[in-house]
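Labels run A, B, C, D and E following the written order; every chain starts at residue 1.
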């Protein structure tokens, strides 16, 4: 029954392929989305806690909803439904392929959060990655998206290696792939598993140094970006750590390492978001930063709060992406420079503003709550980290404000078409997300936190709250101030924009240092393969040939051939040195063939056609035979 | 040794040989009486003589292994099998010869000589005595020289004959000195006597023994085409009439191999002859293969390949006495080799002597069956299962490994790889290129013989058991 | 019976004769003369054989070689250039190697002879050599004898095939060639 | 029954080869249909054998006919958990390959006969329970493949075929010598595999066993092929016709790895255990090297050929892991051997399919150069989807056959040779990169003008590829179908 | 007259014969070399027969065989030489070298 959760969207996807081109398919889609959510809800509610599928004599797959898994299980379709609706509305031309793929994407992600063992997790994990390739490359006729999809897949796959390793080590140490078995690990194995998981999660959640793939992922259609930033692909990394970090208490460096990664990413992503001049990449930067905050929370030993942040972020980030999609559609490009669509799409602007407030972590929004909780949790561990998180709030507020102004600011009166505010279909799909964002403000209510994060509903101390507000205000005001001065688009000038475009230099680093160098290595090896690999074989053949030539010199077998023998010895030496010389140049098997062929020609010289030489050969040969007989004892 | 009453028994032991001799005489006489247009009929008595000899040979199988004619002649399973190979091979050569020599009026002489050549090989196979083997070799050689030069108008044929002769004469001549020395040391010329005499001779006999042995081995090497007495083989294969080339490169080898085996087995303890044979095997197969590589004449390729095959066969000799597989390996190898060689030369004959490599382009498409035969015989030479050549190589390798000559097996393996190249050099254009024109063939008998030999190559491989079983467990006399 | 000193003396004479004439075979300007030197050498060896007690073999050798050398001499007169040795004849190749071969073989042979202890079993003085051979020929060596006869028969046929220019049905050359690649072509 | 599965195609090959009047297109097609039906019979027989398979751990359904009893040779065929999946995969791949349309060059009868012959031989190799028989099939397969490449290949086909023949034959001879050494050491002498496994003739033979091991290793490593013995593979593949390539990669390469398990690991486990670590290192080199060299290829077939080197490296790695002495890691070893065996099957289906597809690409576009193509998805949905699924399967995407196999190998290796496993993991990323690059360059992006009229796959081809894809998915989703059979061999094997 | 002496004479003849066989260009002269070698073999045989084998009958028979070989070889040799000379005008070995390699 647990399988229902992923199966329903999967079936819906199949049905969608057939039905979507028809009329009235919108309603069917709605039904499908509701069913998907229903299935998830039913699984959460049902009493079946775990399902184990035999996958082979040694392998088995375990599925089941853990506490946080259940939350995710519900969150994913909830976020996905509006997004898919948005996709249905805005991508009419390609909805037949896009919508089913998104549904499959949801299915794989649901499978992921249902996983109770690392094998199942890896399966879902890789499938999520593969789906991202299909989705990001969805506009495959353009030259860009396919390679962007490739970068995404490969970068995340580098991280996947960590998961492979973790799964293997876990099995080797405990004989099981079960996630709860991680608890039982002893140190060296636990270290390996921890490292593997951290690698996998960092790559998937776009943490430094893998963060830049998110930029590439922007090549996909907006709904894809919205989904993979919020509840799917990227969320998988944080989800993994939220689930596993409590089990790896045996590894002392694990949590600090997570926190460090998160902290670095939070700042780096913030800077990138603040400097970025395109809408979606700016949001991508912010995604990295926000997941950085989650990592900090996990590192601070508060995975529950990280989970809350994951949920909250999912809701408002998908809202923001849909808004960005509208903005891009309206402005015709993704460049922030040409937007300020507040007058054109006031409703959309309003909905986005809700999301931006949450992003900026303004108190009394959901985002605000989770950020305060993270600060508090970090403070408990280390005041320095807490302070840094607090400071990063300014950065967040700055780029949130910046985005708000640049995308949805009122703009020049009269330059854009002005219309009566009305709710359009795409706005409609944003509405549930905006509502969700607002609803999450209830976390501030006493006890509100308990149901989401399972955390204690403790209040925040007033001082830090005020401090946060101050920091946020400072950030926001800075944005406003820059806007006044007209430099908000490029706060740090061209160099800053360049830095942002290259993800602080990570993109060239990866492209040249990793991708190009491995390509060069591959090319070198290929040349090596074509020329030199057989050198050993060839050497043997050459020696054979030289030897046969030495034998073939008919003079060697006679007495006065002694001189010749010396001569052919010299030849042999010459040959050897030439072989050494040619090794690097020409080492093909064909070389081998030629060598043997020459041996053939040489040996034919023995057959001179002159019978007296045959006779001489007999005499000499018999002498040699006698010699062999005499010495053979 | 008793005389008189035993004579009848002894004559009973050589009925196959007598059949061949009588056949040869009948052929001669018949040719004298038949008119010109019917001369070709003498092929029939030739075949009948071979058949009678074959039946007589089979009939002898029932008896015990024994020496006859005062220890000069062995009637044992190995010899009888060898005779069967020789007779069957000769019969196939007769069939090949019928169309090939259609225009040549000298049928009587030809078939008589062919029968006598077969007789020479048969006598070598049974010889258990130095005198006997020397005359048998002489008979085999002298007929061979003449047959190789049978095409009077072909300059290549006569050149092949005289080269064959010069090499053979020197080998025969030196062998006489060797025989004299061995006789002097052992006081006897029978192998049995030599074995006893040499065993009694002790260390003092060693120098002359080794010298005599080498001189004697020279003539056996000549019949086998082993290095260093191999030079005639490619020349004869190329220059002699094609059926005869097929005959000479295969049939006398059978007899020579058997006598070589018998000789090696009577050598006393102190003579370590195995390394010599192993070295000779190495040299023979390597030279044969290397020299074949870039030949442009298919018959010459076959000639060199015959040299290399001798090298493989010598591996069995190395294992004689130490490995129970050695004798079965040798006999099986001979059967496979004779069949394969006859098939290969049969194809050449049936293709009217087509021998230039360039003339084989696309032949596989024009003459699929014939070239199929060629392919099968070549693959058998390479040792591709399940053909006879494969089982032969398997046994030979097994012998070498069993007696500790792993290196020899490895050398043979490397040689086999080299050999692929020249076999494929013939086959590849035949199958992969487009034909240049029509390819004429000779009359049916040659095709029949070719296909029979090909079938033998396949069947001897597939149904190896009766042969291997028959070759195993029977002693080699003396 | 010939007394031993005489035997020894004759042996020395015959030996030297055999070797010298044998050597002269290759050091004369006429093939005919070479043939007669060879005959002389054979005669000397025949003599030694007689001295050794193998009268039959020795005599047969001399008789046979006399006939053979006559044939050889006639052949040379018929076919070969320079039959009468009118011009100096020195037709050798690979001479140095041949010398090495000859000397080498001598060294090896003599070495082997001197190093070997041959069995010491002298011929009984009263051995009826010819009778012994006769019994052997028709007794134990019957097969060998017969085979030798067959070899001679084969040789006769072979000699006719090779040397005779006329066959029963015209020139022996007719049709004595490989079949042509195409049936209508001239033989290759 | 197994005997029929082997002999029927071989005998039918003779019949097909003698078929006349097939020069017309119609005649060719009809003959191809007949051949396909014949080729399907062994598949059905093997499926029946599968349904009867009991999983006892030993050889089952054994059929024995004495062949050369004097030498201890018998026609002995049977199945166990190792051979049954491989033989079945072989039969299936042959059905697909024989049905696959190909340019017969006017010699359909010969082509189909060779394919049928090769089918019987290949199935026979996996079913053979006698070393002699095994070697017979081993060698004969080379000859058939030589002619397939030489006569129906393109480019410098004759040369590539010769290189293939000489190189692999050079490998088969050390194999023969090693088999003989094993045979000679047995007492009573026999070629019977079960008996040899029981006897362990060379146990404790020290250096001699090492030499024999080396012989086997050379033979199998060349066939597999392992770096550095792989250089025959790319030219052979590039110049071979599509179906022949599929068979070469899908079936012939497996013979090498099968030999590793069947002979080296079973009959000389001690020697294998001693040398397992170097073998594993070599395997990892094959994995990484094969992947990297593949990455640099611009020719589709060369690319796939080198990924074969990579994938076969996985197999060998799994075998090495399973063969080493590692107390306490039996579960990991079992996992590794399960995975390695499954990888043989999976690679056969996947790479077989990829080579078939590349054959179709050549007939359409006339070149294997990846850079010549682009945006083909626009014109050829079926081709693209087929390629993409198989490519993803090849790069190890879960849900497809390759993943289950590779994952088990990695998981097993991590328990035994952790460091090597980590290095080998690099291969996964590189193969992903190269396949995605290939897919992107060929099928995505803008469609060049010259391919505007490129036709999609025909019905037969789609069916053929579809069948392979379906199986790849089936094994990927429900690997237990195959793994249970495999494990019936593996579990007792690893337990010792 | 001792065994060794006779054998040494035989060795000498053998060596001279071998020298001739190797060095002579003319077929006929070459054959004379072979004759001498057979001659030597016969002499050695005679000596061994007389001194080492107690006059064994087999030895005499072997001598007959030697002479048969000699006769047959020479007869066939002359026939061949005649034939080749007629066909190819060749009387020395160097003139026959079409078949080679």
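Here, a contact is a pair of C-beta atoms (placed from the backbone, for glycine too) under 8 Å apart; a residue touches a chain by one contact, two chains touch by 3 or more.
Remember, it's a predicted structure, so these values are computed and weren't measured experimentally.
**Q** Considering only chains that satisfy the touch condition with subunit A, which of them also satisfy it with subunit C?
**A** A chain counts here if it touches both subunit A and subunit C, which gives B, E.
**Q** List every chain that touches both subunit B and subunit E.
**A** A, C
**Q** Once every inter-chain C-beta contact is counted, which two chains account for the most?
**A** C-E
**Q** Going by C-alpha centres, which chain would you call the most central?
**A** Ranked by how close its C-alpha centre lies to the overall one, first comes D.
**Q** Would you kindly say which chain has the C-alpha centre located farthest from the C-alpha centre of subunit E?
**A** When every chain centre is compared against subunit E, the largest gap points to A.
**Q** With chain centres defined as mean CA positions, report which chain is farthest from subunit D.
**A** C
**Q** How many Å are there between the centre of subunit A and the centre of subunit B, using C-alpha atoms for each centre?
**A** Taking the mean C-alpha position of each chain, the two centres sit 73 Å apart.
**Q** For subunit D and subunit E, what's the span in angstrom between their mean Cα positions?
**A** Roughly 64 Å, centre to centre.
**Q** Could you give the separation in Å between the centres of subunit B and subunit D, each centre being the mean of its C-alpha atoms?
**A** 43
**Q** Could you work out how far the Cα centre of subunit A sits from that of subunit D, in whole Å?
**A** 33
**Q** Specify, in ascending order, the residues of subunit C that touch 2 or more different other chains.
**A** Those would be 93-94, 97-98, 101, 105, 108-109, 113, 118-119, 121, 140-141, 144, 148, 151, 155, 158, 162.
**Q** Indicate the residues of subunit E shared as contacts by at least two other chains.
**A** Touching at least two other chains: 10, 14, 17-18, 21-22, 24-25, 30, 40, 42, 47-49, 52-54, 58, 61, 65, 68, 72, 76, 80-81, 83, 93-94, 96, 98-101.
**Q** Where in subunit A do residues touch two or more other chains at once?
**A** 593, 604, 607, 609, 611-612, 615-616, 619-620, 626
**Q** Mind listing each pair of touching chains for me?
**A** Touching chain pairs, listed by label, come out as A-B, A-C, A-D, A-E, B-C, B-D, B-E, C-E.
**Q** Which residues, counting only subunit C, touch subunit B once they are in their complex?
**A** Residue positions touching the partner: 108-109, 111-113, 115-119, 121, 139-144, 147-148, 150-151, 153-155, 157-158, 160-162, 167-170, 172-183, 187-188.
**Q** For a test of understanding, state which residues of subunit A touch subunit E in their complex under the given definition.
**A** 604-605, 607-612, 615-616, 619
**Q** What does subunit B use to touch subunit A in their complex?
**A** These residues of subunit B touch subunit A: 162-163, 166-167, 170-171, 174, 210-211, 213-215, 217-218, 227-229, 231-232, 234-235, 270-276, 279-280, 283, 286-287, 290-295, 418, 421.
**Q** Help me check something: in the complex, which residues belonging to subunit A touch subunit D?
**A** 54-59, 119, 122-124, 126-127, 130, 133, 137, 140-143, 145-147, 149-150, 153-154, 157-158, 160-161, 164-165, 167-169, 171-173, 175, 177, 192, 518-519, 521-523, 525-526, 529, 533-534, 536, 588-589, 593
**Q** Looking at the complex, which residues from subunit B come into contact with subunit C?
**A** So the residues of subunit B in touch with subunit C come to 1, 3, 7, 10, 14, 21, 24, 28, 32, 36, 39, 69-73, 99-100, 102-106, 109-110, 112-113, 116-117, 119-120, 123, 129, 131-132, 135-136, 138-139, 142-143, 145-146, 149-154, 161, 177, 181, 184-185, 187, 197, 201, 204-211, 241-242, 352-354, 359, 438, 440, 442.
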